[in-house]
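Take this structure, written in structure tokens, and hold onto it; I'll ask about it next.
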Amino acid sequence: MIEKMKTLEIAINEKKKVKLTAFIQDAGGEYRNITKRPAVLVIPGGGYMFCSDREADPVALPYLAAGYDVFVLRYSTGTEGAWPAPLDDYEDAMEYIQQHADEWKVMADRIAVVGFSAGGHLAGAAATIAQHKPAAAILGYAVLNETVDEIAQNAPSIVECVDYDTCPCFVFASRSDSVVPIKNSIEMLGALDKAGVTFESHIYPYGPHGFSTAEMSLQTRDSAFCPRIPNWVEDSIGFLKDVFGEFYVGSLEDKILSTPACKAHATDDGSAWLSLDCTIGRIFGNPVAKEAIVDLVERMQKKIVPFAPGMTFDDMMGVCSKMKLKDLLDERAVEYDEEKVNAVLKEIPNI
Amino acid sequence: MIEKMKTLEIAINEKKKVKLTAFIQDAGGEYRNITKRPAVLVIPGGGYMFCSDREADPVALPYLAAGYDVFVLRYSTGTEGAWPAPLDDYEDAMEYIQQHADEWKVMADRIAVVGFSAGGHLAGAAATIAQHKPAAAILGYAVLNETVDEIAQNAPSIVECVDYDTCPCFVFASRSDSVVPIKNSIEMLGALDKAGVTFESHIYPYGPHGFSTAEMSLQTRDSAFCPRIPNWVEDSIGFLKDVFGEFYVGSLEDKILSTPACKAHATDDGSAWLSLDCTIGRIFGNPVAKEAIVDLVERMQKKIVPFAPGMTFDDMMGVCSKMKLKDLLDERAVEYDEEKVNAVLKEIPNI
Amino acid sequence: MIEKMKTLEIAINEKKKVKLTAFIQDAGGEYRNITKRPAVLVIPGGGYMFCSDREADPVALPYLAAGYDVFVLRYSTGTEGAWPAPLDDYEDAMEYIQQHADEWKVMADRIAVVGFSAGGHLAGAAATIAQHKPAAAILGYAVLNETVDEIAQNAPSIVECVDYDTCPCFVFASRSDSVVPIKNSIEMLGALDKAGVTFESHIYPYGPHGFSTAEMSLQTRDSAFCPRIPNWVEDSIGFLKDVFGEFYVGSLEDKILSTPACKAHATDDGSAWLSLDCTIGRIFGNPVAKEAIVDLVERMQKKIVPFAPGMTFDDMMGVCSKMKLKDLLDERAVEYDEEKVNAVLKEIPNI
Amino acid sequence: MIEKMKTLEIAINEKKKVKLTAFIQDAGGEYRNITKRPAVLVIPGGGYMFCSDREADPVALPYLAAGYDVFVLRYSTGTEGAWPAPLDDYEDAMEYIQQHADEWKVMADRIAVVGFSAGGHLAGAAATIAQHKPAAAILGYAVLNETVDEIAQNAPSIVECVDYDTCPCFVFASRSDSVVPIKNSIEMLGALDKAGVTFESHIYPYGPHGFSTAEMSLQTRDSAFCPRIPNWVEDSIGFLKDVFGEFYVGSLEDKILSTPACKAHATDDGSAWLSLDCTIGRIFGNPVAKEAIVDLVERMQKKIVPFAPGMTFDDMMGVCSKMKLKDLLDERAVEYDEEKVNAVLKEIPNI
């Protein structure tokens, strides 16, 4: 029998009033192959002065509806919250969750964070420099660049912390945000791009700071509000499906989630071994690889006609050096055995 | 400060294991003018043999996300559940909710029911013959006609119970439902139309019985599934906004919900007093009314040209007798003082 | 090279001013496997007195955007349009289209009609009694029952013409329509259900007659308008994808559309041969069939536990007689070779 | 009577084969107050080597369906297309359209451009440096930074051309685009932010270059494709409604479009006169303004409590210097006469 959703209140640090609220849905049983669930940790904003309730429990609801377990973290703020206290609270909370992952039937490797404003800064710190890194981060009108200084001394600029190991990020904000300038989000996109990390982003042309899920019941005043803003909620759930996989109902009953449609990085250039998702520059720059796929190269030479007279095939590969090999093969309709070529490449160290 | 959502387990009838789960959100405080909330009572299906968990708590989540309080009723089934036991349970539950409406900050006159399959039958009974009538009913692949006999002896055919006092209904189902024939829903629409009751309906061309919210995590097998089925959830929330009003953020801070965009009846022909939303037949058939709006009639005579030679204005009014007066005036762009005419009509008894 | 969309004006009957406007998109070439296109024929309303321009060319645009060719028929009206003149015009237009199908690269067996109000009556006649039957019909706030008499003497009640050979129908309307009562659409659903024909239906709780595609630029007055009304356009395109198949991009380059997700009938009970999509009553009532699938029946007996003590397996099959065999097997997770059983059944005449 | 949509082929430059296709819808008449229409000019991509048909006429269709007139420009490419030839073609086309604006009933001051890839570069040039500037620009997977050099020598980096007079931009792309790196779009967002220009942006996590409207019939191969990509089309129409205004049906029949919900700049700091949409820094830095709104400042002093002890009101204004005055007043619920204060500010030169 399916049990009801459990709501637990957990004191992470009584003295500092750090609290974790856990909304745990049932798993297994009537839910068959769903024996564990992916999860979301909600991190409310409030300028590191307080934790906004409008960005706390109400944010849990759409993710619960989508089948996730949800946690809400109320971290240290104000005089208790001098950096890195909030990050410490996050680490404590994630450790607590991971220790209880089996009991609660939570997929420990499929926990996303969703943070808003200053909470988006903390979620961004989780995504980049935390010990307990989430598997994805959703960053709403977040403080992400060096202006964090204005609300938290000694707190890091998230933009500067982004590297190849940063988790996939979903970044959204209002272009006309009067409180946290949109520059924060734009610089974050630049950093994620540079580091090769997967991301999705939606910037709406107008709307106030602090709109939370955009439900009317959560607004504090009657602001002009772009009618597309509420889309971020469903879009962020779609993003999690893309990078985590989707609940799976079918014949393979031991599988909980389908294979993710989207990898954590734009290319495999940062992986230890080569693959068809590496760029042409990476593969053709590796003599072992070039030798190993000599048959494929011959097929490519037949299909890929140089743009201009005088160009050689190698010139063409230079022009396409930033394309993923797979994309070029698809675009030019080169026929080849994808599985076999990938198997060959995956034995070649990416050096 | 906004408090967390409360989850309460209430034993409505311990002996018969009738239980009510209450998900109560905070109101007032940071939510300003939202000092009370409308609510939804979820009634799961299960052929009156059991209460399906897949149609219980998970259904609460999208309505919670939309700002409603939600209750889930597990009613008497099997040997304990001979009709009218489930309806008695419903009455007990609604009475309990209404007794606690002030405490829980629930709008007692804005409670909708949502029921599925056999639970849709019970929700339909609530909508038509219950003492504690809901303000709206959402009926999913519901048993609504005389075939209810196959699952519950002596249970009424809801279709035959529909009358002018039935609440607005939202009816959805799959046309290819192999378990509860679509005829149930179609006959319900016919009854609602005949009774003049407001309704909305979505019938999807294919999909299994029992899809609940259509979330992948709630499906029990890999069925062909019309991709528009998941729309019913958001559409039903839109329907509630239309008939209840929407959360209101603005200058009139003492108002919780806006004026409903949609009345509970298709016309005001069933009301005690006339209005512009009565049909022309109703108004022109009332000598007092015809006299009272003589100025308006003169304006109409100038604007409304008969379709054919030889037709008089009265012939035209005969042709249009089923139109609402307001609709005809709008369609023909007759200029008039809506508020004033309505005020006149609203003093004339509708006899 | 892809050529531009062609717009042709075709005089179907010069004397009666019957005109066909053809919007033909290019096919083949850069569109690869799309060497032909499915099509839509738009039939505007106007009470058989005129053809409304607001329900003519503007309706073509979303279907063109979805990749269809579109035709708009301006048929005989007023004194020229005594029934069956409009139906004759329809037949002439469809014959013209089919004669030019190769030239225009139109899939002659994938032409849908979309009609509004009186044009919905004509589209309904096409769907039921025409010589040149469309492959699907979209009926918007259509005149479908015997009240058609008020606008066209001797015109048939479409509801009474529906039979097994009626094409799949998509039926939408506003419940509060003051001009064409919603009863027309509801009776149509009843007739389609009874005849076993596939359909989809959306009835919106409030909104005026004649909203066309619901684009603001097509409205003639400022009416209260349910915000879900505009959904019918995309939903109807989804319906066409379901019953026609969707444009196909992949390795099977000779295929234009994918296999339809939805058959034209709710079950195969009306087909010449049996299949897993026949009802249990149909299959178990056929002695040859029952013999042929004896292995499957044994598997079913193991999996399908009677609801109540004293019930036999045959009693259970009686209870489930209206279910499609495939649905019951799926629901009870009976393992079997779908292709093989279907092959066996498809050799048994359905008598 | 509404006339059919006209399709015109116009030779802008016969020698260079520059062509403009015009899809002109009817206006006025049955469309009442819609006596003119806003318009969209489509600029296909093709690496400045050719004009892709998949990004030409098919893109016109959704904008036509939304009520816009649409033009498609086929500009000089290849050997004929050395920069600035394509920009010259754009100028010629826009001049031609503006000369025919009255005849075609086009709103000359409400023409947007939508361009893809290299066509997105040309649309970006239109938005920034053209003589005939559009009123909005939609830039799809566009070449926008200095890498344009690879496809067009001497063509400008659009990013470097952005200034205060750039029109509002809608920027979309796939993060994993292997052909035009996402950096192009990100740098564009940075430039628009810096210049204070209104924008909206959607970056999808994966999908190929060149997806056009994302209709299946326009794809050339079976690529992994984020299911949110097709949203850009409707979102871009929503953006045009936000910055142009929406078709207006109501009592003010002489108005074609409603007042835009979104101004062309994030603040009015760049305008000739002050307003409530200027930042606090701008207004409080202007001694005349500070004097003129002394009453308002008094009200603010009562409502706006400093964050920390020791902070003065002026310190607070320093912290909030980048907020729009209107946003701060709304956020702190300061009561004031918006119209009156705005009238006062709009007489003060912004120096």
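Letters A, B, C and D name the chains as they come in the text, with residue numbers starting at 1 for each one.
As a convention for this text, contacts are C-beta pairs under 8 Å (C-beta built on N, C-alpha and C of every residue); 3 or more make two chains touch, one makes a residue touch a chain.
The shown structure was predicted, so the numbers you read here are calculated from the model rather than taken from an experiment.
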| message | Under the document's definition of touching, what chains do chain A and chain D have as common neighbours? | response | none
| request: Return the chains common to the contact lists of chain A and chain B. | output: none
| request: Compare the two sides of the chain C and chain D interface and say whether they are made mostly of the same residue numbers, over half shared, or of different ones. | output: same
| query | Just curious, how far off is chain D from chain B if you go by their C-alpha centres, in Å? | reply | 42
| task | Averaging only over C-alpha atoms, locate the centres of chain C and chain D and give their separation in whole Å. | result | 40
| field | chain B and chain C: spacing of chain centres that average the CA atoms, whole Å | value | 29
| query | Where in chain A do residues touch two or more other chains at once? | reply | 220-222
| remark: Pairs of chains in contact here are A-B, A-D, B-C, C-D
| In the complex with chain B, residue positions of chain A that touch it | 1-2, 4-5, 7, 9, 21, 25-26, 30-32, 34, 37, 53-54, 56-58, 61-62, 64-67, 213, 215-222, 246-251
| In their complex, what parts of chain C are in touch with chain B? | 49, 150, 168, 175-176, 178-179, 181-183, 186-187, 189-190, 193, 198-206, 208, 220-224, 226-228, 231, 235, 238-239, 242-243, 261-262, 266, 307, 319, 322-324, 327-328, 330-331, 333
